[in-house]
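One structure, pasted below without further comment.
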Amino acid sequence: MKDIILRLENIKKAFGDTQVLKGIHLEIHRGEFITLLGSSGCGKTTTLRIIAGLEDADEGRVILEGEDITHAVPNKRDVNTVFQNYALFPHMTVAENIGYGLKIRKKSKEEIRRKVEEMLSLVQLEGFGDRYPDQLSGGQRQRIAIARAAVLEPKVLLLDEPLGALDLKLRRQMQLELKRLQKSLGITFIYITHDQEEAINMSDRIAIMNHGVFEQIGTPNEIYYHPETSYVASFVGDANIYREDGKLYAVRSENVLIHEEEECTHEAVVLEKSFAGGQLRILFELSDGQRITASRYGIDAEVAVGQRMKIGWKVAVEVKEQKGGSDEED
Amino acid sequence: MKKKKTFSGIYVAVLTIITYVPIILTVIYSFNESKSSVSWTGFSLKWYEELFRDREIKEALINSLILAGSSCFLAVVLGTLGALGIFKMLEKPEQYKAFAKINNVMGYISMLPIMIPEIILGMVFLAVFSFMDLPFGMLTLIIAHTTFCIPYVFSMVKARLVGMDKALAEAALDMGATPFQVFWDITLPLIMPAVLSGTMLAFAMSFDDVVISIFVTGAKVNTLPVKIYTKLKTGVTPEINALATMMLLVTLILLMISSILSKKWKKK
Amino acid sequence: MKKTKGCIWLVMPMYIFTLIFVAFPFLYMFLLSFMSRAKVWGVDFTFTLANYEKILDPLYLGTFVDSFKLAFLSTGIIVLLGYPYGYFMARMSEKWKKRMMLLIMIPFWTSALIRLYGWIIVFRSNGILDKVLTGIGLTDSPLKLLYTYPAVVVGMVYGLFPFMVLAVYSSAEKMDYRLVEAARDLGASSVKAFFTVTLRLTLPGLLSGVILTFVPSMGLFFIADILGGNKILLVGNVIQEQMTKGRNIPFAAAMSVILMILTSLMMALYRRVSGTTELEGIM
């Protein structure tokens, strides 16, 4: 039995006529790094805001260490948030920003100074205390925002797409740093992102959200190799969803075989060839109209658009219909 | 491309110079010995001496300062609170559905004083103050000026609030601040520049107003612009030149202070 | 987060003040315009339409026409002079933008009366303008421009010019100049690019500048008073005279109502065309 620090029970939330959260359940373990992954509008930010108390759930309960905090005001909750665009106070120095929560808690000046110094060195920005946020780079602001939330030693730290505004290189670097920070702080992280690579790189567990429900909750391995629903398979693994006899199978594009092998039993015609991320992607149409994408590194596939050939696959995982409904719904 | 730059530069320069011609002439003639502004007869400071001796002008100046100061103060209090209230309601449209219509109508009415020709406002106040039986003087002046000072403060502060990142207040709340602390530590410092520039604009508008003041000033109280207006109507005296120069100087100093302050603000 | 409706108390003071000192007075003005004039001073509260009939009198109707003419003329000149000015300013380097802003703000913050006063010096007979013009041989005798129509127009244009410049500037400053370059790149001539891109994108500023100059120009009676002597009669002057010397408050109210309706129509038109209620430049 794992130590549960935060539990969401049947949370529902609607904005006007739109049901954003359709009754979600989630148990978060002490000290884990859990990621809510989903495309924009799936309800992940709303979930986070409900945990933070910035949004009020219509139904359901939020339980932090056995205590019901569903309707507690945000300033009385032992959780802190790192906001999407950092939300650093522009009129305060870096040190004042980090120390703000401590000042609110009426800590002594000496203690505030010491803790701010500690945090600054933890995020490797010693000596930046007297600067103002607009004198910092995006990556530096990001670290200050994390320091500001983490200095309060919350039970749970909420991070709302904290790396969203950074460029790719900086993102990769910050991913590692965040993971390191989480380990050294020992705080539970609830992390939000729409980038599946980021989620897989950093998380202990991933909860995949789609239209206000969780499609699957599991370790990166489980999510990647054993997708439960078609949505998970296509969102995380970039898999083809193949229908046969009323069943759904997820076929990863790299597992599609195109050379004459014994598994190649499907008649197909090449519709399109394109390069993406160093990979050759070939779009096939099967005789029953279903479309399958195959991908390869390097240019080893000598196929031409319009060419007829047989394709097949060895690895196909049976998945369920996605839970959250399709995009056409709204 | 080069030619275009030269043309636009000359165009702007010529118009700017024309803008300054009457102002510079006023300054030059304030040092003219002769009473007429037709010919230059020699340098003199006598009009300044006369100006400083003029008790009526001094009184009018003090009145204008009191008037602009108090109507600005009222406008800042009412306008800032109003903007904060409206903004809070805009944030939670669900909760304040019933007020949306009222806010729209009231918003329109409160902007009226700066949306219509001033003469109408003057006329309206003259009529209504005599109906209300208010004694014409400083009180009526302050009420009238407050009505047209509020929109400047209100709309500037509101624009600033709407443009403010909502996450800032949420972040403070998230870190444990009470709503009052959020207001005091975050919202107030961030809207301060808007409050100040709204106040400055309102002060200038009030200090400069002739049209409305003429209607509501009554016989006993004179504001500086009203005084200047009557002097201009009765005949030009070089004393006005000196007064204009002094006012120009004060404007310049105030603008300089405000630009230094805003620079400091930005540095922070 | 179940909060009481505390925000209402924040807006209350402003609303109460606005109701008593703006809404009520305007309502009162509207009512007054249907009242009769008392024998000596004040208002006789009996219903009449006479005030509105009186406005149709060619004498008063003429002042409306004259005021509109003057307002249109001044606004037109201000647009022609101020639009390029504001636009050029927005295209200057950051350093010059700041300098120009200061140069614009100094007259803007200076008392309107004081600035008008300078023109008296310029225009008076044998004043600076006459001396310069005869000096370079353009005219033989003094023009005696003071207390003439052109002087009033110059005064109007001069007084309201900064409003237009600031409105156009703030709109042009926000414009992405690359759009003009894109249009040129796509083959538009510079004239075509101006009308299809620049003008379209700075239209909100231009329109708000028009409102900010046209509306006040209807009521600035003191400009006509000081630079036009008593020769040029505008709606503003009539309202002022009826209130003070004429003591016919109901008639002044009726004229104000008409003037207000006309300016409100302008505002409504502005809203229609620009799609916003905010006036650019000043706020």
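As written, the chains take the letters A, B and C, and residue 1 is the first residue of each chain.
The working rule: contacts are C-beta pairs under 8 Å (C-beta built on N, C-alpha and C of every residue); 3 or more make two chains touch, one makes a residue touch a chain.
Treat the numbers as computed from the prediction; the structure is a model and nothing was measured.
Asker: When you take the mean of every protein CA atom shown, which chain's own CA mean is nearest to it?
Answerer: Closest to the centre of all protein C-alpha atoms: chain B.
Asker: In terms of CA centroid distance, which chain is the most far removed from subunit C?
Answerer: Ranked by distance of C-alpha centres from subunit C, the top chain is A.
Asker: Distance from the CA centroid of subunit A to that of subunit B, rounded to the nearest Å?
Answerer: 52
Asker: Where the centres are mean C-alpha positions, what is the separation of subunit A from subunit C, in Å?
Answerer: Roughly 56 Å, centre to centre.
Asker: Centroid from C-alpha atoms only, then distance subunit B to subunit C, rounded to Å. What do you get?
Answerer: The separation of the two C-alpha centroids amounts to 17 Å.
Asker: If you look at subunit A, which of its residues touch at least two other chains?
Answerer: As it turns out, subunit A has residues touching two or more other chains at 53, 73.
Asker: Can you name the residues of subunit B that touch subunit A in the complex?
Answerer: Subunit B reaches subunit A through residues 165, 167-168, 170-178, 181, 185-186, 189-190, 268.
Asker: Spell out the residues on subunit C that touch subunit B in their complex, using ranges where they run on.
Answerer: Listed in rising order, the residues are 3, 5-15, 17-19, 21-26, 28-29, 32, 42, 81, 84-85, 88-89, 91, 100, 102-103, 105-107, 109-122, 124, 126-128, 158, 161, 215-216, 218-222, 225-226, 235-236, 239-240, 243, 249, 252-253, 256, 259-260, 263-264, 267, 278, 282-283.
Asker: Given the complex with subunit C, which residues does subunit B contribute to the contact?
Answerer: Per the touch definition, subunit B meets subunit C at residues 8-9, 11-12, 15-16, 19-23, 25-26, 29, 37-38, 77-79, 81-82, 84-86, 88-89, 95-96, 99, 103, 106, 109-110, 112-113, 115-120, 122-128, 130-131, 143-144, 146-147, 150, 152, 154-156, 159, 201, 204, 207-208, 210-211, 214-215, 224-225, 228-229, 232-233, 236, 240-241, 243-244, 247-248, 251-252, 254-255, 259.
Asker: Using the touch definition up top, name the residues of subunit A that touch subunit B in the complex.
Answerer: Per the stated touch rule, the residues are 52-54, 73-76, 79-81, 83-85, 87, 89-91, 100-101, 104-105, 132, 148-149, 152.
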